[in-house]
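Every chain is named by a letter (A, B, C, D and E) in the order it is written, and numbering of its residues begins at 1.
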Amino acid sequence: MLSILIFLPLLGGIISAAWPRGGDDGGWRAGYVSLLFATVTLGISIGLIADFDSKAGLQHVTDFSWISQLGIHYKIGVDGLNLFLIALTALLWTGATAWSLFRQWPRPRNYYLMLALGETAALGAFCAQDLALFVLFFDLMLVPFYFLIGIWGGERRVQATTKFVIYTLVGSFLMLAGAVATGVLAAGNGQHVTFELSELAGRHLSTGTQDWIFLFFAAAFLVKMPAFPLHGWLPDAYRAAPTPVLTVLSGVLSKVGAYGFLRIALPLYPDAAVHFQDLLLVIALVSILYGSVMAFSQDSATMVVAYSSIAQLGFITLGIFSLRAEGAQGAVLQMVNHGLVVAPLFFIIALLSARAGGTDDLRRMGGLAARAPVLAALFLIVSLATLAIPGSANFMGEFLILTGVLKAKIVYALVAGTGVALAAVYMIRLYQRSMHNPLAAGAESRELTTADGLVIVPVVAVILALALYPQFVLHRSEKAVGTVVQQPQGAYIR
Amino acid sequence: MDIAWYLVLSAFIFCIGGAGVLTRRSPLVILICLELMLNAGNLALVAFARMTGTGDGQVFALVVMIVAACEVVVGLGLIVAMYRSHLPMDVDDMSELHG
Amino acid sequence: MNALHAPHIDYAGLSPLIALTGGICVVLLFGLARGPGTKMLVTSAALLTLTAAATLSAWQLGENKSLVEGALRADDLALSLDFVFYAAAAVALVLSLRYPGVSGASIGDYAALLLTSVTGMVVLAGANNLITLFVGLELLSIPLYVMCAVDLHRRTSLEAGLKYLVIGSVGSATLLYGLAFVYGATGSTDFGQIASSMGRNGIGGDPLLLTGIALAATGLAFKASVAPFHQWTPDVYEGAPTPVTAFMAVATKAAAFAIILRFFDVAVRPAKDDWDVALAALAVASIVIGNVGAIGQDSLKRLLAYSSVAQAGYMLAGVVVGTALGLKSVVFYLFAYLLMNVAAFAVVVARERETGLGDDIEAVAGIGVSRPVLAWPLTIGMLALAGFPGTVGFVGKFFLIEGAVQGDFAWLGVVIVIGSMVSLAYYLRVVAAVWMEPGAEAVRAVPVLAGGSADAGTFAGRVSRIPIEVTAVAVIAAAGAIAFGIVPSPLLDLAADAARAIF
Amino acid sequence: MESVVFFVAAFMAIGGALGVVLQRNPFYSVLSLVVHLLALAALFLLLSAEFIAAAQVIVYAGAVMVLYVFVVAYVGGLEDPLMEPNPVLRIAAPLFAVALGVELSVAILGSGLKGIDSRGPHVGAGFGSPAQIGQLFLTRFLIAFEVVSLLLLIAAVGAVVLARKSAAHPQADERVPGGTV
Amino acid sequence: MTATTFGWLVLAFPLAGSIVIALGFRRLPGRTAGWIGSAAIGLAFASSIGALIDLQSHPADARTLTSSLWDYVSTAGVSAKLGILVDPLAVFMCLVVSGVSFLIHVYSVAYMDSDQGYRRYFSYLNFFVFSMLLLVLAGNFVILIVGWAFVGFASYALISFWYRRRTATHAGIKAFVINVIGDVGLVIAAILIQRGTGALDFPGVFARAGDTWGQNEWGIVAICLLILVGAFAKSAQIPFHTWLADAMEGPTPVSALIHAATMVTAGVYLIARMHPLFELAPTAADISAAIGAFTLIFAASVALVVTDLKRIIAYSTISQIGYMIMAVSIAAYGAGMFHLMTHAFFKALMFMAAGSVIAAMAGVQDIDRMSGLRRAMPFTSAAFLIAALALGAFPGFSGYFSKDEILAFAAERGGGYWILWAAGTVGALATALYAFRMIFRVFFGEPNEEARELQEGRLPHGEHVNPATGEPEDTDVGYPGPEHHIAEREAAMRGPMTILAVLAIVGGFVQIPGVTHVIEHFLDPTFADSRFIDVETSTGHEALALVAGAVSSLAGIALAWALYVRNPGTTLRLVARFPHLHGFLVHKWYFDEAYDALVVRPMLALGRGASTTFERVVIGGMASGTALAVRAGNSAVRVAQSGLLRNYALLVMTGATALGLYFLIVAR
């Protein structure tokens, strides 16, 4: 079941890639196939949610020994941690594929193949319940994105994508070393080497070992998110990435990092997590503040959102490293939320750029709301959700995160509070600079097309639904999150 | 004479050969210097054979002799080929490949 | 005088060697024939020889026996690596089929040289005493010296041959001197006896022995392109005809590691505590120098040469730990290395013939659009070398790190990882050129202007066709790199058998 | 007596070796090598390796040297200046030669092996005789023997490949600048 | 139907109205949207009355009813339902909010008629009412904060309603950001409360607060101060007051509704709602009262000098809220809420009248350009006068009773609270002064050009320029169209104004000292747990307050008459005499400038510096530094790779020697 979910998009991608070059349809048919598969994947993921038993642990487990000589299992499963991230991935990828479908791409077959490969890798990373498998999928994600940015990107795409991949792979390779070390060193006398997460969590690594391995993993995850000061790849990559790629890059890939902390770092290296709690909290806090300050001094709309991601991911990190159930729950919720808001944001920015004469420079936008009330309304909803206006699920996420941090380390929560206010500044500035103010020269206010609406509206609908009932997520993730924070909390007490 | 004498002698020859490889620029002479190094090895082998009283060393030495001959053959063939291509007989001028 | 007792000769165990030797003779004879079909005939004969040898090796798998009074081992370590040699040789033959650069030698001579080198590798891989080691190494090297220089009218080819010969001979002499010391210190040339004598007489830490090991290590490291004995590698790789380079890169390295594994893990095993740190230092040097040196290289062959230095460093980590796991990981990595490099080199060969730009990175620019069937193998090869997941390179690196960590050399695992990061800079540059840069198609159009002669016409006609056999090699290797990246178990089993032969 | 022979031979060996390295004319280098090889043969005799000594004289000093002389004659008397142009090598080459020599000597003299400070054990008359060598070659070192024969074959092939006047590339003639051939 | 059902209905109608208008924005013709919106609010008002009636049928000690729909959040000990709490305080607020809102909606139906953004306007306005009602009905902190933020957003949206005016968008951002700061304070307070008591719902928190914190313990004081951040940000108290004057960029009915009658008084409601906590933390309550008093003086002083009609009223609002904050902070809850109500009446009325004036002036808001409108706009000037009398606490008008009750209570608390009393009294004088400054300058004197045209039956129309900056206006999206609507010509405007005028006059009669106690008695169940519930103002203090109030009010009016009618030009002489004082006041005590210099500019500079310098040097430097090191290594390797064979041989020998040396060293 889960394997079908993971590999279905890839299958679709391969079919698209192999689709005959019938006529000059700009790859429309190929994309259509890809979209079809992505939609089915989305359907399956919704089915997973419907079928989810919030009281049980890991579900839909597939487990067989894959590379027995190395102790690597092909073990995948769903629990409260990844359930919604899977759905998010499927949703955003469907959106991105649909968005792509309505546009012309050079070499469309390869494009859809890469896009689909990205989905498979992301889903795999979320589903993996084996450390080695996780690392594999985690790194595999880079390949399609390398090409997607490098081939179909904007200006300076090659440098951007190279920077992106090298930055992230630096972390990934460190993680690879850490993962291997975990498997090997955790195997005590007479124990076989295994990378199975549940098994590893039961084995204990010495504190010193935990420390360095944890730092390796942290590096990988922080780069991926990215967090200050490891975000050097972000401006270039975001600037260069084509819009649909950007949505999944920011919406899904960044979550893998945060998810990794919850799935891997906390349960496996609890002592180190406690040991480095302050370090991570400081990084998170600086990310929040730095990202926010940067976000409100940017002139490019894309960059505003890009830096806001740093800040938002900082919040998620903050929640996770409160090492408390409240914070971690908030982080899980916030991961979903951020993915949901950032994708439509990038779509909308793309639309706005098209209306402002092809630039995302805020100084050359302005007054775009006039003839586009629907677009403006969607943008407004998404902006408000992004700045975590109370009443949005984002707010609940931040609320829980702050609760967790406040209970763990009060000072961080107080400083983080300023981050909440800063988010209001940069988001409302973004909205206002583009939609309000006098109409900029060369800009033209135009309503969004039905096709684009079909991509954005469902995502916004999900945002609204979650705003009304965030407990939908929290309820299902509670058990898994509780298990995750149990270990570090235990270590905390020691 | 103690075996050590032979060995030290062989070591000297080995080093002289090595120094020759480093200082001479004619490929021909470099080949000869390589012979020196191999011969030093042979001397050591024979000395050790005497020291341990086993025949292995002598067999080894014989094999090395043949190997050295083969290397010389190929090396000289190469030099002839270079000469035919009008390449300079100076290894310092053979530095098109670098970097 | 003692009566001469004829040694027991296990013809079954020797059968691959016999097949190869026979093949050499046959190929030499066929090469004398004149006529248009000679090339195909000789190549077929050589390929047949390799197939026969491979079949016989496969037949001998699992026997694990000593041949001719212990001079040679026909165990799974040797036999499994033999496949790498055979495969590399076959690839070289196929790539050479229509490669203009190797026509300096008659095809019979060329094939014989290649097969002889393979024979030397087989001997080397199975060598179980110092003399066999030395002659195996020489039998491997001397044909290679010739093959490097075989493109006689190209200056760089001769230069490569000369450099390889001279530096190789220096390495051989050093190795010999080291072997002499080892023999002297232990009184035996047999690996097993060396080891037992080291343990028995307490001479494990004797300066004579250790100096011998140092010098021997130098010679062996030289063959494996381990820094700082690597400097011949970029020059020779670049100068040699590309099919020869491909063969050298893969097979020589495998053979060198075969003997390094056997020498260190069997013969001088008791001195492990002394040599492991030294080898680790060499590994680090290789990883650093190889990866740093490869950056910014415009010649793909040079780039791959430096990359091979780095890869040698990675593999050395598997030797350093001196465990079964380490050995397994090295063997596995050699298989991986075969697939990854062949994929890359085949594309280089194809583009050399298509563009006239040689092995410059420009030659592969933009082939993502114009030649996807070549672009994918090259891309996969590069990503695999970089250790991307889903490829055999990832599993290989995973395995090496696992070995390093388990052998208490976790820091070496980290060095591998850091090296891999640096390596991205140049591997990705190639991939970027393939997919993200405009093509070099304009350059290809040049030959046609030569007055419309028949020659120019055929040249142009030949140029525009994708060389089918080269493409096939590239695609097969790339497919293998992916397939074994996803299902590595067959190779892992083979590697495990190889380890069992020693540990 | 033995000592005298040793020192004379050793002196000749080292002198020959130095001659190889220091002679500017390759031809003299070759001749120095012959001296060196003959001296080594004498040393081999002292070490009870008659067969090796004989092979040394016949194979090396005889056959191989003839080859050298032939090539030197063919290629021509090329003298290279003794003054080393490469500043690194001018200092480093002798330095490392000395360093390596010292190192090897330390290894040899510092060795705790008993045999090294002796003249070796008593060995029978057959030691080093052609018979013994032959026996070893046909038993334990059969493989080496066979491989070496293959090596000779392929070296010959290689030499032919390299030294053959290549018809495959006519441009070789075009590139003759002054025609010294 | 129970009170809680009515409560839900109260919320449902405005929300439904907002959604219906929003979704039907293309199809609703003419004034339909306005009437739908008004009807929705009317129904909400009716439901509030329903809730009131049902609530009164419960016994006095059972008038706190809760109801919830579903678990909004319930995890890891944090639990909040989507629930409401209906008690007298909530119902009181509902009545005031929905009642005044209804009237303003009706007023807007006409006033906004020719605006391009008519439907958007009513959608926002309905949404605002929904949010405000959600705020007052919230049953726990989470929902309270949700309502709190929603009104902030609605306020922002309506301030920036004419979004092609840069001044409007700028004011919107300012308001929004300050409101968010308040939100954050409230959020952190809520989290601290949750941490302390483990609950987020009001009854639970209040029940456990006493056990959790001791009297005036730092924890509860901190919480209360954080709550005050929220309250002050919303209620425009120092130091968070700067946004309210700028908020006048919005349409005038918005100013009436949000920035006078309802939203800005949310802070007052909040303190009243949180009274159990504030009574645990008297220090915080005292700070709050002091700030309230200070604000009322400050705002009144500024109102004396600014010349923008709406801004005068805005500062007046700030000042009046200062009174209310002071009241609830000194536990005069009934008095505070009473003043909240009367203020809603007369201030809404005043804004409506001002709107009418501004419409007549074609958007001009500067009172320097207004004069003698009395005859041209008789209805408007009458309404304005009533509102001014109420605001100026003219004896008998509603403001008189409510304000004096606060002062009386302050006097009753005695001690240091006398300072508050004094401030209130001085403020009352200033209030009367600036209220009549408007009356005299706008309606009296020589009729200006617009007034004359109006008297002749024409409505003057100037250029469409931004009144604040003089920039030409883009009428494409939402600036009022060519037809301006004044009360004299629109029944839909006159009706609500008339009702409010009546209420402004008689609204005070429900709570005449010593005579009626309607509000206090009604609210008693909510404040039953207050320590000050039994504090009754003594007759003496009440009398003192009444007399002092009357005197200061009359004195203020007289002073205004003296300054602006009898001796026009006096003020100019005063300005010439005290230029620094005038500048200080005109610049609103330099708060904006200080914020700009202390917060905004440093932040922007920080951001710019970060993006230009830090990002490039440090973040880029990390990457390029590594790259540089690698490149340096690369060139070293390449230099070593000289192509010279003998150099390679040398390296081989060097390596061999080094390796040998290592082995010699480790040799035993």
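Descriptive notes on the structure:
Note that in this section a contact is a pair of C-beta atoms (placed from the backbone, for glycine too) under 8 Å apart; a residue touches a chain by one contact, two chains touch by 3 or more.
Computed from a prediction, not measured in an experiment: that's the story for all the values here.
Common neighbours of chain A and chain C (chains touching each): E. Looking at the partners of chain A and chain B together, the chains they share are C, E. When chain centres are set by their Cα atoms, the one at the greatest distance from chain D is E.
Simply put, of C-D and C-E, more C-beta pairs touch at C-D.
Centrality by Cα centroid goes to chain A.
Look at where the CA atoms of chain A average out and do the same for chain D: the two points lie 69 Å apart.
Centre-to-centre, using mean CA coordinates, chain B is 25 Å away from chain C.
The centroid of the Cα atoms in chain D and the matching centroid in chain E are 101 Å apart. Spacing of chain B relative to chain D, judged by their CA centroids, is 5 angstrom. In chain C, the residues that reach two or more other chains under the touch definition are 131, 135, 138, 142, 145-146, 149, 152-153, 161-163, 166, 170, 174, 181, 184, 206-207, 210-211, 234-235, 425.
In chain D, the positions touching at least two other chains are 86, 89, 92-93, 96, 100, 103-104, 106-108, 110, 113, 116, 140-141, 144, 148, 151, 154-155, 158, 160-162, 166, 172. The multi-chain contact residues of chain A, meaning those touching 2 or more other chains, do not exist; every residue touches at most one other chain. Chain pairs that touch one another: A-C, A-E, B-C, B-D, B-E, C-D, C-E, D-E. Interface residues of chain B facing chain D in the complex, by the touch rule stated above, are 1-9, 11-20, 22-26, 28-29, 32-33, 35-36, 39, 42-43, 46-47, 49-53, 55-56, 58-59, 61-63, 65-74, 76-81, 83-86, 89-90, 92. Looking at the complex, you find that chain D touches chain E at residues 86, 88-89, 92-93, 96, 99-100, 103-104, 106-107, 110.
On the chain C side of its complex with chain A, the touching residues are 328, 368-369, 383, 386-390, 394-395, 397-399, 401-402, 405-406, 410, 413-414, 416-418, 420-421, 424-425, 428-429, 431-432, 435-437, 488-489, 492-493, 495-496.
Only residues 630-631, 633-634, 636-638, 640-641, 643, 645, 647-649, 651-656, 659-660, 662-664, 666-668 of chain E touch chain C when the two sit together in their complex. Contact residues of chain A toward chain C in the complex are 67-70, 107, 110, 132, 135-140, 142-143, 146-147, 150-151, 157-158, 161-162, 165-166, 169-170, 173-174, 176-177, 180-181, 183-185, 193.
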